[in-house]
Amino acid sequence: MPPADNHRVIETTFRVRFAETDMMGVVHHASYLAYLEEGRSEYTRRCGAPYAELQEMGYFLAVGEMTIRYHASATYDDLITVRTWLDDLRSRGVTFGYQVVDAASGELLVTASVRLICIDQGGQARRIPSEWASRLAAT
Amino acid sequence: MPPADNHRVIETTFRVRFAETDMMGVVHHASYLAYLEEGRSEYTRRCGAPYAELQEMGYFLAVGEMTIRYHASATYDDLITVRTWLDDLRSRGVTFGYQVVDAASGELLVTASVRLICIDQGGQARRIPSEWASRLAAT
Amino acid sequence: MPPADNHRVIETTFRVRFAETDMMGVVHHASYLAYLEEGRSEYTRRCGAPYAELQEMGYFLAVGEMTIRYHASATYDDLITVRTWLDDLRSRGVTFGYQVVDAASGELLVTASVRLICIDQGGQARRIPSEWASRLAAT
Amino acid sequence: MPPADNHRVIETTFRVRFAETDMMGVVHHASYLAYLEEGRSEYTRRCGAPYAELQEMGYFLAVGEMTIRYHASATYDDLITVRTWLDDLRSRGVTFGYQVVDAASGELLVTASVRLICIDQGGQARRIPSEWASRLAAT
């Protein structure tokens, strides 16, 4: 699951918010989904193909499937880094790979794979607009 | 802030979810906003004027202002009751009052007042459709 | 991924809250994690081995890995049912299987598998207390 | 509610995450509570009195009361700025004032006041440790 050598990896770093913790004293496992989402948002921005632009064209990327492994925990105020890369790009979908690490120690917290499907505002599966997709894929 | 005698009070009871807690070991203060929202959803259902129906007509009720007091804390697995009543109904807005109590002990957890403003899908302030409002106000 | 014949399946039914939706107009994919969590909470309650009791003994079940497939979407006010079953029980961990369905139509929304690891308050992996585990496994 | 001239105002700027929106197409009103929380976290960090340090001493600041006014809405990918200042500091509590603005246009989105109460791990009201409080109040 580590990114292949030929993948561009985009890093986003931010602090864990208090609201993202649970009574176990650590980041709640669902909070990482927002981190991954922010990771792929940043990926699309840096490629010059912001997700917000795809939405303005009338399309969404809906999560079709995801697998997440939790290796270690983070807690409030920790600085964490989401590393995001493009794993697979098809006409109607895209798969991103992720590592979330502790920004200070480099310790691996989470690895994940999220497959997204392009839909229109009626929820129908659609081809990803090729012009947007080509910007996403450019390296 | 207790409801006046002439107010219909609707009660909704449910359990605190684990995800709603934080590292203080109790329900995070923001989680109560979803509880209040569910309280007024239930209020509108019981009045035969479900909020979902207002949305289908093209309107939303956006929160304009709210005041919340936290009196005691709840935690995972606790059964809590949201008591909701209509405090004020105007042509373009509605204010709900709330008490959240521990369902087992009756202890008061939260009191709140939330003022909502009727908007259309473009975000413009609108009159609440009178037919829906009259069902909400009927006692 | 459907539950085997010899599995006890526990159903929990509740309404989608407004706060659980996103700007796609449907339930945000992360909201399902709270639904699954509530599904396994209910499973443990019905077995007479409530998770809250395990916590009181000083243990937590932390998510180690999960796989989720999203088949169809739900939205605000929909009544949904989480079907939860025990897939695997080991000395230090437990895996639950899930289906989330639309309670009215029966349409399949989500299938999931969540593997949990027993830890103590210091975050160390521990054996699940056998007395609690045996209640969980009883059929 | 604008900060008095003699108040230090700390600004924190970040992007709205997709998960923070709701089906109205804008940031859900409860998401702002996490923004305010992050605003006061940053305030304490910049004062050299990080909240995480107060927790390590065995204390929490629990929300006792809050008032929020929503003036305009933000949406996914918007860059927003939280402006936080200390409104009142007492032996057992502290009140922060806030403005949330659109970072690009400067438009006012939210104004808020949040009163926090110092508690220990058993939930009992306590004096804020004076050494931490004096760092918070220094200007």
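Per-chain residue numbering starts at 1, and chain names A, B, C and D are given in the order in which the chains are listed.
Simple rule for what comes next: a contact is a pair of C-beta atoms (placed from the backbone, for glycine too) under 8 Å apart; a residue touches a chain by one contact, two chains touch by 3 or more.
Note that the structure is a prediction, hence the values are computed from the model and not measured.
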A-B versus A-C: which interface comes out with more C-beta contact pairs? A-C
Suppose chain centres are the mean of their C-alpha atoms. Which chain sits farthest from chain A? B
Find the geometric centre of each of chain A and chain C from their Cα atoms only, then give the gap between the two centres in Å, rounded to an integer. 24
Cα centroid separation between chain B and chain C, in whole Å? 27
Compute the distance, rounded to whole Å, between the mean C-alpha positions of chain A and chain B. 34
Chain D: positions in contact with at least two other chains: 18-19, 24, 26, 30, 33-34, 37, 76
Taking the touch rule as given, give the residues of chain D at its contact with chain B in the complex, in rising order. 24, 26, 29-30, 33-34, 37, 60, 62-70, 73, 123
In their shared complex, chain A is touched by residues of chain D numbered 14-15, 17-20, 33-34, 37-38, 41, 50-52, 55, 76-77
Could you please specify the touching residues of chain C with respect to chain D in the complex? 18-19, 21-26, 28, 30, 75-76
